[in-house]
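So that we are looking at the same thing, I have put the structure below in structure tokens.
Here the chain labels run A, B and C in written order, and each chain numbers its own residues starting at 1.
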Amino acid sequence: MKIFFRLVGLTYMLVILSACTPVKPWQRGNLALPQMALEVDAQEAALRQHTFFSKEAASGGYGGGGGGCGCN
Amino acid sequence: MKFLHANALAIAFTLGLSTSSAQALEKGEVAPDFSLPSLSSAQQMTNLSQYRGKVIYLDFWASWCAPCRTSFPLLETLYRQYKDQGFMIVAVNMDENPKAAHRFLKTYPASFDILRDAEGQWADRYGIETMPTSFIIDKKGVIRHIHNGFAKADIADIETTVKHLLAEK
Amino acid sequence: MSKNIINSLSLAALALPGLMQDAHAGRAEETYNADILYGHYAESNQRMSVDIVNVSASAPIGKAFTLAVDFVSDTMSGASPMFNMKDQNGQVKQILSGASITEQRYAGVASLSYALEDVTLNFGGGVSSENDYQSGHFNTGLSWDLNKKLTTLNISASVAFDEVSPTGYNYTKSKTSQQYLLGVTQILDKHSLVQSNMTFSYQNGFLSDPYKLVFVEGGGVQSDARPGKKFQWGWLTRYARHFQDLNDAALHADYRFYIDDWGIQAHMVELQWQQPIVDEWIIMPRFRYYTQNQADFYQSVFNTQNVGSVHSSDYRLAGFGTLGGGVKIMKSFQLNGFVKDIKLQAAFDYFDRKASYQIGGNNQGSFDNFSFYMVTASVNVKF
């Protein structure tokens, strides 16, 4: 079972990755634009995640985590 | 968790092998001569060999590169200080859109030579892996130092090297 | 091989005595940053409202260290749901606590990161304090650039210790949480990248809410009582794509799947469109949808047969969906002086939380529906 998952995972990721064209270090200008950053505004992102965390059962994925609260 | 980790490593390994590019240049090699247009005018070509006899700081940069915002003001000061002793800075711009480079230079003015390698042919030949990467080339055209990235504190070391090379015959 | 020998020989001959070691480039930013954010959060029906002030600063230390500190103050007031009951007509109604006095939460976090050529290490910790709730945490993380920086691996772990001493009761209870994150970021091409993060969390201790009750038909009320352990798994995938022809606009799409051993499964989708206008102005409309099913031990009201030893009527463990979105505006200035960069941001978002927005749920009615909005404004300065 474990081996099966390993193979599926590996194949899946290799397929995805082989689809990407190598991007040279000097060709990353578009990716370096502020609007392409995954974390646009750390403070606001943390506030949003904190709010959703205290109103919804699900959390996680965005990292940071930390710091509980007695939120009602 | 364990199997994912193994996957990630396997993938990194596979890709690491498949994307290895042209052989990077090393210290002690003669800097390959290029001919590139200037940023401001595509008709005006410059060869690296034109600067032979000077100590050259050859910088591959782009407007979007964060350490380049640190390096430009410091390089401009260094250039003004040593240009009369035979020091030259040649900054090769790698922006896809030259407009972005012009906007950058409005904020961070530079009086040294700015060239443009639109196709990335020479960045490839010089084996650039980080933006910025710079090469300090001596009067004979030999690469004496390769500098990846740029931190504020690096300028002191660069100045020492430049002074040392200017003193060489 | 022979080329290498020749190279190293000529290198030795050319060596500059006592000059430079090879420089490394791990840390991209070398500025001092100061950020301040003000936020206001308010729920419908005179329920809770919160005023948030967040101040952060970071500074480079030496060639490779970055120290960051962050301070948050939350000022909360208003009522919050306590339990549900059935009225004379058999309709479920939500009972709120009386409008509470103003409460204050302070939280502080500090972290130190160390950047090597391809690896960045991070260590941090923080505390959060309310009059009835204390929390402390430590975290550590590693980010590793591979494959000519086309791939980044992220691994992090955190542990938190919480203590609650509910007002009006004479006890203190605690819980411990551990969270592990494993993530990969991959550059796909010149215009797109994808990130996939998994988090595994494990909590144990007192996981109930001391201020919440359950209503038992014909049996009065009982305290909220949840299992003493919880295992959570979240899988978030984020995609970002650049559109050159649309003035460098960017699309961000996030999807998260979540499951825990309390019987909750949840899906979250968030879409953002960042549109540069002119002169470094960016406008960003965004949309978010969330849906979850109820926990195994949740019921809006219980009866003496089904109340059991584990039970909760907390609206956050119910089945529901939240639909909403908003708009954010950003303006930045790049300068070449003492101040290097100034960024101004403002945002407004509105969310509607309804039982009927749940995917595949049997709508339990509108008794616990509510909506909320959030306004933020911030200034970020780099020196």
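Everything below uses one rule, namely that a contact is a pair of C-beta atoms (placed from the backbone, for glycine too) under 8 Å apart; a residue touches a chain by one contact, two chains touch by 3 or more.
Since we're looking at a predicted model, the values are computed, not measured.
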item	value
Central subunit by CA centre of mass proxy	A
A-C or A-B, whichever has more C-beta pairs in contact	A-C
Subunit B and subunit C: spacing of chain centres that average the CA atoms, whole Å	39
Subunit A-subunit C separation of Cα centroids, rounded to whole Å	12
Subunit A-subunit B separation of Cα centroids, rounded to whole Å	32
Contacts with 2+ other chains: residues of subunit A	17, 22, 25, 27-28, 30, 33
Touching two or more other chains - residues of subunit C	148-151, 198
Per-residue overlap in subunit B, given as positions that touch at least 2 other chains	4, 8, 11, 15, 19, 21, 66, 129-130
Subunit C partner contacts - residues on subunit B that touch it in the complex	1, 4-5, 8, 11-12, 15-16, 19, 21, 26-29, 66-67, 69-70, 73, 107-108, 129-130, 142, 144-154, 157-158, 160-161, 164
In the complex with subunit B, residue positions of subunit C that touch it	7, 10-11, 13-14, 16, 19-20, 22-30, 62-63, 117, 146-151, 153, 180, 182, 184, 198, 200, 334-336, 340
For the subunit A and subunit B complex, residues of the former touching the latter	2, 5-6, 9-10, 13-14, 17, 22, 24-30, 32-33
Subunit C to subunit A touching residues, read off their complex	35, 37, 39, 41, 48, 52, 54, 56, 70, 74, 80-81, 105, 107, 109, 124, 126-128, 130, 132-133, 135, 137, 139, 141, 148-151, 154, 156, 158, 160, 162, 164, 177, 179, 181, 183, 185-191, 193-195, 197-199, 201, 209, 211, 232-236, 238, 240, 242, 244, 248-250, 252, 256, 258, 260, 262, 264, 266, 268, 274, 276, 282, 284, 290, 292, 295, 316-317, 322, 328, 330, 332, 345, 347, 349, 353, 372, 374, 376, 378, 380
Subunit C-facing residues of subunit A, complex	16-17, 19-23, 25, 27-28, 30-31, 33-36, 38, 40-44, 46-48, 51-52, 55-63, 65-70, 72
